[in-house]
Every structure is written in C-alpha cells, then in structure tokens.
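Next come two complexes, and both contain chain A; in the first it sits with chain B, in the second with chain C.
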Partner chain A sequence: MTKKQINNILIWIGAIFLILLIMTPGLWVVITAFRPQVDIMAKPAVWIPRNLSFNQFETMLFGGSEGSMGRSPVPVLSYLRNSLIISIVSTSVAVFIGTLGGYAFARHEFKGKNSYFFLIMLTRAIPGISLSLPIFILFSKLGIIDTHFGIIIVFVALNVPFTIWLTDGFFRQIPRAMSEVAMTDGCTRLQAFWHIELPLSKSGIASAGIFAFLISWNEFALVSNLARSTDSKTLTVGLMDFTSQFTINWPGMCALAVFIIIPALILTFMVQKHLVSGLTFGGVKG
Partner chain B sequence: MAKVTLENVSKFYGNVEAVKKINLEIKDKEFLVLVGPSGCGKSSSLRMIAGLEEIDEGIIKIGDQTVNELEPRERNVSMVFQNYALYPHMTVEENLGFSLKIAAQEKKEIEERVEEAAEILDITEFLQRKPSQLSGGQRQRVAMGRAIVRRPDVFLFDEPLSNLDAKLRNQMRTEIKRLHQKVSTTIVYVTHDQVEAMTLADRIVIMKDGIIEQIGSPLDLFERPATKFVATFIGSPSMNMINATIINENNQLIMKTDDGIFVPVPQDKINSVKDGQKISFGFRAEDIVPLRFGQKPNNHWDMKSKVNLAEPLGTETLIFTNFGSVEIVSRMFTPEQVNSNENLDFSLNLDRTYLFDDETGMAI
Partner chain C sequence: MKKFLNGPWVLILPTIIVLTCVVFLPLLISLWTSFTPFKLTKPDTLYRFVGFRNYERLIGDYDFWVAFGRTVLFLTIALNLELVFGLGIALLINKITYAQKTLRTLMMFPMMFSPILVGFQWKYIFNDNIGLLNNFLREFGVINPIPWLVDATLANISIMAAEIWSSTSVFAILLLAGLMGIPKDPIEAAKVDGCNSWQVFKNITLPFLMPFIFIAMTIRSLDVARAYDIVQMMTGGGPAKRTELLWTLISRTGYVDAKMGMANAMSYISIFLSIAFTFFFFYKLMEARKILSYD
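Let's turn to the complex of A and B:
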C-alpha cells in the first residue's frame, strides 16, 4: 500500500467516526420514536429494537387511544399550525427586510455605514435567551404575550441581521457594471435591482431564507417563555407537553421530534446546492 | 443630432480632484477617444456623461439639453463596459432586447431590432445561448449589440477591448471602426492604449491628472505634440527624450545635454529659447538614422554609438543604443542584420526634433 492509500483510509475512518458521532443521537431519537415505553426504560438496556410501531405517530396526530402512557394527546396539529404561520411569516418578512438592507449596505454609501453594519452584526452576538426576560416584560406590557405577532417580531429581529450579512456579501459579488448597464439600458435603480441584481443573487437569498426558516422552526428557548397556550405554542415548545411531574413520555416526545425534523430535512435537501454555493459565494466577504 | 458638451466639468472623490474643470465639445457623429494613463480622469469623465457619477461642478449637455440632473436612463446613451457586464441569467436575445422590454416596446418591434443588431454584429447564431457559453470576442459583440439596439444618441465605450487577447483586440478594433461607419452615431471611447486611440479616433483627447493635455486628430498629436507628455505618450516606440540646458557658446545658442554632449538648436526654434533654459529635446525612433542603412537628413547632427540590442521585426528593425548615458531607440526600415556591440554612425534629423520647456512641459 502506498502512503497515499493509507492516508485515504485514515481519512475515511476519521470521517465515518465523526459522522457516527454526529448522527447517533439523531438516530436514537428516530428509533425511540418507534419503540414502546417499556423497551426504552428497560434495564439492562435493550440495544436492538424489538417490536417497532407507528403507534406514537397515530396517537400524536389523530389522538388515538393506544398511546403507550394512555395520556390525552398533545394538540400537535395546533402547534404545527402555529409553527408554520410563525416560521413562514417571520422568514418572509426577515428576508424582505434583510435583502433590502443587504442591498443598501452593498451598493450605497452613507455616513457611519461601517459602524452601523457592525452594530447590526453585534446584535447577533447577544445570546437570545438573555433577552427573554426583557422581551417578556415588554411584551406583557404591550399585551402581545402568547400571540403569533409577538413571536414573529422576535424572529424577524433575530433573522434580519444574518440575512443582511449574507445578502450583502452576495450583492457585492455582482459587478457594479451590471446594474450600471441596466440603468443606461433604461432601468430605474429599482428596476435594475428587480430585473438584474435580484435574480442574480437568488441562491444567496434562498440560503438566507432557509437559515431564517430553520432558526424560527427550531427555536425553543425564547418561544417557551413567550408562548403560554395552544394559541401560539410551536412544535418545539410542544415537546415539553410530554413531560409531567414524575414521568416523561419519551416515545411521544421523540415521535414529535422526528415530526419536527422532517420538514427541515426536506427543505435542506431541496436547496442543498443553493445552500453550499450560498455560503461559500456570499461568505467570502467577512 | 447629438453633440456632447462639457463645460468646466469637475469631479471630486473626497478631497481628490479627479477631473479638473475640463472643457470639451464632441461633435455629432464624431468618434472621440479619451486616452491617458490610469487615474487621469478619463473614465470618470465618461461616467459623468453616462450619468453614473455625479457631476460635482460644471455642465454636461447632450444635444442642447443639460443632463446634469437626468438619470442615466433619461440621457439616451448606451455604454459598453470593459467586463462586458452581460446579464448572465438571460440569453443573448434577452440581453439584446432587455432595454426595449423595459421601455415597453411591442414584441414584434423588439424582435426586429434585436435581429437587426444581431446581423450587424454577426451574432445571429448565438441568440439562444447564455453569455457563459460565449467566447470573449462574442461576448464583446453582444455587449455592443445591446448598445446598438437602443439606437442611442451617444455610445460610450469604457476600455472595451482590454479584456481580450492581442489578436482578438485588433480584430474587434476594426469591427468597432466599421460599426461606427454603419451606425454613424457619436462615440466617446475611453482607453489607455494609444494604438487604439490612434487607429479609431477622429479626434483624440489626451488627459493626465484630471486635465486635458491636448485635443486633436491622431496625426496632429503625432506631428505636433503640445506637451512633453503627449510627445512621449503617442507613438510607438515612445519618443526619445534627452534633458539638456541651453547655453551660449561663442554667441550661438546650443543645447548641452546632462551628459555634456553639445547638440545644435534646430533652426526654427532658435528664437524661442534663451540662454540657461532647462529643456528636453525629443525625437522619434525613425528620426535618428543609422547611416549605413539610411540617408542623411538635410539638417542633421551626427554621432557614433555602440548598438546595445537590435530587435528585428520584419518590416523594421529597432536598434537600441546610447545617447550619452540615456538609452534611445532608432528605427530603420531595411531588414538587415545588425549585431549587438557594433559601432554605428547615427544622424539625428534636426528638422524633426521637438523641444519642450522643462518647467512647464509645453512644446517650444
């Protein structure tokens, strides 16, 4: 064996090890979702799953009576509706504002531009959870606790800086001459943006959108404070419904977790190509 | 009818004055080339005409209309950029038709005009391709086609050939000239390449450090450079330039070079110089003749010098030799072998020797 082949094998082993390390918890969640509670709690542990079933999912979605703990089912469909509304609306708004912001930073000169940009990026350095109490107080004064509106506002605020950063990098990659030609070709600045620069940066905007969506979809800490009831609880927060004072319905919780992961996974697959090019293309500029 | 007028136009970038109060009148249907080294303000001037840069001072008129406050789209100009700037997400056809589509022209009209432009530039077969599937020369053609389709009052070219290789550049240069004959529209063309300027222009504007050094026809500039800069910028190889001082030797004014060589002042300049004046005198390569291969000029000054290097180019040979400590180049049009280190007699044509005042840089 040559040195190169040995190297290759070592790299492969390392890669497989890393993948296992990353995948195992996820895989465990998926397996657990299909197993009965007795199997999960068994001591000594049952490593190889026996009787797998869709019971948890049935109970979760249709409120069947066969839930392994016999609990009343969690209102998953309401949570799904909340999650979808909040994620889609907040993503759309964040992408709209963020793209315009990114374009402004990339193309226009204005006073204090750099410090302003820095300031916006700085907001992302603050851990979201540290804001939860002030936001809670503020929102309760405004009376928008436990509403879609309130949570959407928080997510928009979270996602706009990132979208600005990503799309700014993208617009910078497009030669200025492109919009200049368009403007001598008869476009207003807005038309040049709409017909030329926007289509050219769509993969960047798509990746910004996916990131924003995933952040909104997966967020737990902030929403768990702001959402109090089925009116606004999202799926992630709904996971907590499977815990009670003395017991945790692990299979149910894992089933919901799988349910949460699937759309995110599909989305990521769908736009995988955009995502990679988006990050490498737009991310060049720091 | 579209002449372009620049009156006292200035452009500032921060505290730097990139264009300094220039005045220029470009005639209708004229092919005008702005040429100069990088940073001379030529591109800024062009971009101000296009409306892509604010005009900080002065007035620009297209036709009789002052365009200072007009948006680029309202000026009816078309610009061709150095990097083509074709819309990558559109086919060639869509690229060509874009301006008409924006102007909400009828579909049939768009098709006709796109086809017409494609025929002029011989790109009909590429209409359905995307820009990424085209070669550099084809992209350049599409960029020009996009400019033609609009039927603008003025074409603006910003170094359109600098991204092409040498062979293609020559070919496209010819095509641009031909295009001008076909569409006969006013063209303002920016380049740093004096050969492009000489071959294309009706008139050349030479700029340096934001001011206009000289305006004139290519031959004007070549034969009668107004400044030392113009003299060395125009022509290839560059004009030889020797620093000297005018001194009075036995009641006769004579040029003494920094190396102590004495050269007579050309007859027609004798009354324009004075004792002690610092000057440079310049002569083109073909005006210092190696005697073995050429004829002695009428008014001449002779010297003997060793050949440093000879570059045979077929129709001509460039001979590098020393004038005192300054290396100069001589050109002869007879294809004969010249060897390095050979000693040759050279004869300088005094009738074609240019004098420049060192203080002002102006021709004497």
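Let's turn to the complex of A and C:
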C-alpha cells in the first residue's frame, strides 16, 4: 500500500468515528421510543430490541389503549397545536418585517447604518432567561401572560434580527442596476422592490422563513416561563411534563422527542444549502 | 412624505416597533426592577426604590460569583474546544472527495436539535442506572455504575460534552465553507517552494480562515445562553448547585424564590457579559471582512 492509501484509510476511519459520535445519541432516543419499558430497564442491557411497539405514540396521541397506562398524562396534542400556531404565525410576521428591514439595510445608505445593524443583532445576544424576567412582569400587568398572542410577539422580536441578517445578504447578491432601471422608468422604490427584487430573492426569503420557524419551534427558555398551562405551552416545554421529582418517563419523553425532531429534520434538510451562504453573508460558494 | 416613503426608515420602522416593545422597553423595566426589592408575592414592592442595594448584595454574594466564574470558565473551555474540534472536522471532510456533500449534511445533524432535546438525550445517555454509557461500560466489566450526573466534576464534564456535541457543527460547517473557498494556487506554489503541510496551514490556510472563525464565533456568541436549556434539563443546576450557571441561577432566583428585583440585577450582569462576548467577536469580524473586502 502506498502512503496515500494509508492516509485515505485513516481519514475514513476518522470520518466514520465522527458519524457515529454525531448520530448515536439521537438514534438511541428514536430506538427507545419504540421499545417496551421492560427492555429499557433491563440489566444487563438489551442492545438489540426484541420487539418494537407503538404504545408510546398511541398513548401520546390517542390517550392510550385499554389496560395500558390509561389516558396520556401529558396533553401532547394541545402542545402540538400551540407549537404550530405560535411558530407559523410568528414566522410569517417576522419574515414580513425582517424582509423589509433587510432590504433597507441592503439597498439604502444612511447615517450610522452599521451601528443600527449591529444594535439590532445585539438584541439577539440578550440571554432568553434574562429577557424573560421583565417580559413576565410586563405581560402579567397587561394580562397577556400564557396566551398565544404574547408568545407570538416575543418570537417575532426573536426572529426579526436574524431574518434581517439573512435577507440583507440575499438582496446584496442582486445587481443594483436592475431596480435602478425600473426606478428611472418611474417606479417608486417600493414598487421596484415588489416587482423586481422580491421575486428574485424568493428562495432566500423562504429559507429565512424556515430558520425563523426552527428557532420558534425549538425555543425553550422564554416559553417555559411565559407559558403556564395547556393554553400556550409548546412541545419543548411539554417535554418537562414527563419528569417529576423522582421519576422520569423515559419512553414517553423519547416519543415526544421524536415528535419534535422530525419537522426540524425535514426543514433543515430543505435549507441546508442556504444555511452556509446565508450565514457567511453570501460571500462563499456552498 | 414622499421622501419618507422612499427612504429606509419606513422599512425599518416595523422592526423598531417590535424590538422596542419586546426588547428595549422590557430592558428598561428590568433596569428599574433591579433597583427595587420586587417580589412576585408582594406586588407593591415594585414601586419601592432602594438604589443599588441589590447590586451591593450581589458583590458580596459567594454563590453568585461562583456561578459567574463557572459560566465564564464554561464558555471559554466550550468555545475553544468547539473551535478546535470544528476545525479538525472541517479539515478532515475537506480531504474527503467521495460523498463529501453527504458527510457535510450529516454534520449538520446536531444543529437541528433544540437545546432542550440535546439536554434530554445526553441526560438519557449519562443516566447512571439505564444510560447508554454505563450500559456500554458494564459490557466491559465496569460493574459499579459511574454517577455521571450526580458527581459534581463529572456532571460539569457531562454538560460540557452535551454543549460541545450540539455546537461544534456550527464551526465545522462554516470553516468547511471557508476551506472550500481557498484558492489552490498559493498552496501549490508554497509546496513547490518546499513548505511542509504545517507551514502551509499556518501561513496560508489559517489567515484565510480567520474571517470564518470570527463569523462562527459571532454566531455562536449570540446563543451562548442556550446552555441554560441544556443545564436545566440535565441537572437543573444541581447536585447542590455544583453545575449552576448564571442563567439557571437567575431563573431560580426570579421564578422559584420569586425575588424578581435581585434576579433582574443578576440578569443585567449576564446581559453585559453576553454583549461583551458578541461585541468582541463582531468587531474582529468587521476587521477581518475589511481585509478580505467582501462588501
């Protein structure tokens, strides 16, 4: 064997080790979701599942079959509904507002532009838990604690900066000349934006939307303190319902975890191309 | 009016309104609250001004400074290891020609996980009774279960492992993008002139990667507080506050002990810490971008 071949083999061993390290924790959770409780608790460990069951999912979604654990103690369907409503509405609003902002930063020159951009980004740096304290106080006074509306506006604010960052990059890739021609032909700035730049950056904006959705879908620190009941608790917060002081319902939690990860998985695969170019200001070929 | 409609401010206005309502105004409330002895159980205390009393108490609070120090130490170690591992992974994948795209996609896997899920899956792996790790070790004769999340040192290491697992891929993906963009000519020329691989890496690859390292650091510094979700899930700050980070301490003080005034004072300090991190890396990024002139 040549030195090059040995090198290649070493590189692949490294890569396979890496893939194992990355995939194992998630896969183990998925497998556990389909295993009976006895197998999970077994000692010595049962590595190859002897039989698979959908009990956890049945209990979670339909309240369980007769004679099993009875009705699901965790109202997963309500949480799912809350998660969907909150994520979809906040994403739509954030993308709308953020796209306008991104366009302003990409196409207009004004005094202190970089500082404003930085200030908007900086709002993202505030730890969720720190921000949740005053929002909790404010929302309690306004009576919008534990409501969809309250959490949605918080998520909009959470997602706008990042949407501006991404769309700013996408608009910069479109040659200025195109809208300038339209404007000399009598379009206003807004009309030029609407008819020329917006259609051209559609896919970029769509991926910004998916990012915003994922951030909302995955958020925990803020919602866990602003949501108090089934009225507004989301799936990520619901995950905590499976733990009590002394016991943890492992298979139930795993089933819910699978539930949370699947949409995230699909959406991330859809935007992975834009991920890199978006994050590096569109400065690199992906 | 026409000038306003054609200008940038009409476009930025909605952003300003939203951020004012949800970020800037609450930050003012938070600032005010940090000067009061506000307790959730006694609503009237919100209007009693006590000056810097909360801050003075924090300065002498041992638990607070331990959590503060642990947070800074945790972030320093985690970010550095993530950078080193991320760079290693990027260099490795860059060397692979077969199925490189697939590998890159697989690397993104941890980025899809909500931090609370990251916390959960590692809590499950590190569980001393039924966890994957102890089950695995038992096959190799380690009969006594290792108390990963019960022992203070091990718990900190376990949390660090979860944190690194979840965030290394951000570095790997961005640095890989940087590596792929490096022009081949200077590297070939250097090799012809007799540079070894380390010299090529140090003098050509690394300087070119610098902006990408800062982009990754900036993005990462924006969400360092995600560690709250992970810790909250894995140990809740325990055992006996040995894994307490600034953010879990804030949450406990504010919501469990209901001492909102004190919690807000703490959170101001945590906000400054986060902003300092971000500011530093963003500044570096802007400098690096100027050098490569992407604009």
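One rule holds for everything that comes next: the second predicted complex is superposed on the first by the 249 of 286 C-alpha atoms of A that agree within 3 Å, B and C clash if a C-alpha of one lies under 4 Å from a C-alpha of the other, contacts with A are read in each partner's own complex, and residues count from 1 in each chain.
Note that in this section a contact is a pair of C-beta atoms (placed from the backbone, for glycine too) under 8 Å apart; a residue touches a chain by one contact, two chains touch by 3 or more.
No experiment lies behind these values; they were computed from the predicted model shown.
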Is the arrangement of chain B and chain C around the shared chain A a clash or a fit after superposition?
-> fit
Would you sort A:Pro175 into first (chain B), second (chain C), both or neither based on which partner it touches?
-> first
Name the chain, either chain B or chain C, that contacts more residues of chain A.
-> C
For A:Ile16, select first, second, both or neither according to whether it touches chain B, chain C, the two together, or no partner.
-> neither
Take the Cα centre of chain A as the vertex and report the angle out to the centres of chain B and chain C, nearest 10 degrees.
-> 90
Touching A:Thr188 in the superposition: chain B (first), chain C (second), both, neither?
-> both
Which of chain B and chain C A:Ile135 touches, first, second, both or neither = second
First, second, both or neither for A:Met270, with chain B first and chain C second = neither
Considering only the touch criterion stated at the top, classify A:Pro199 as touching first (chain B), second (chain C), both, or neither.
-> first
Minimum distance between Cα atoms of chain B and chain C in the superposition (Å) = 11
Considering each complex separately, which residues of chain A are in contact with chain B in the first and with chain C in the second?
-> 188
What part of chain C is in contact with chain A in the complex they form?
-> 5-9, 11-12, 14-15, 18-19, 21-23, 25-27, 29-30, 33, 38, 46, 89, 92-93, 95-96, 103, 105-117, 120-122, 124-125, 130, 132, 135-136, 138-139, 165, 169, 173-174, 177-178, 180-181, 212, 215, 219, 221-226, 228-229, 232-233, 247, 250-251, 254-255, 260, 263-264, 267-268, 270-271, 274-275, 277-279, 282, 286, 289, 294
Of all residues in chain A, which touch chain B in the complex?
-> 175, 177-178, 180-188, 191, 195-196, 199-200
Complex contacts: residues of chain B adjacent to chain A | 50-52, 71-73, 75, 77-79, 81-83, 85, 87-89, 98-99, 102-103, 146, 150, 156
Flag every residue of chain A that touches chain C in the complex, lowest number first.
-> 11-12, 14-15, 18-19, 21-26, 28-29, 32, 40-41, 43-45, 96-98, 100-101, 103-105, 107-108, 110, 114, 116, 118, 120-131, 133-138, 153-154, 156-158, 160-161, 164, 188-190, 214, 217-221, 225, 236, 239-240, 250, 253-254, 257, 260-261, 264-265, 268-269, 272, 275-277, 279-281, 283-286
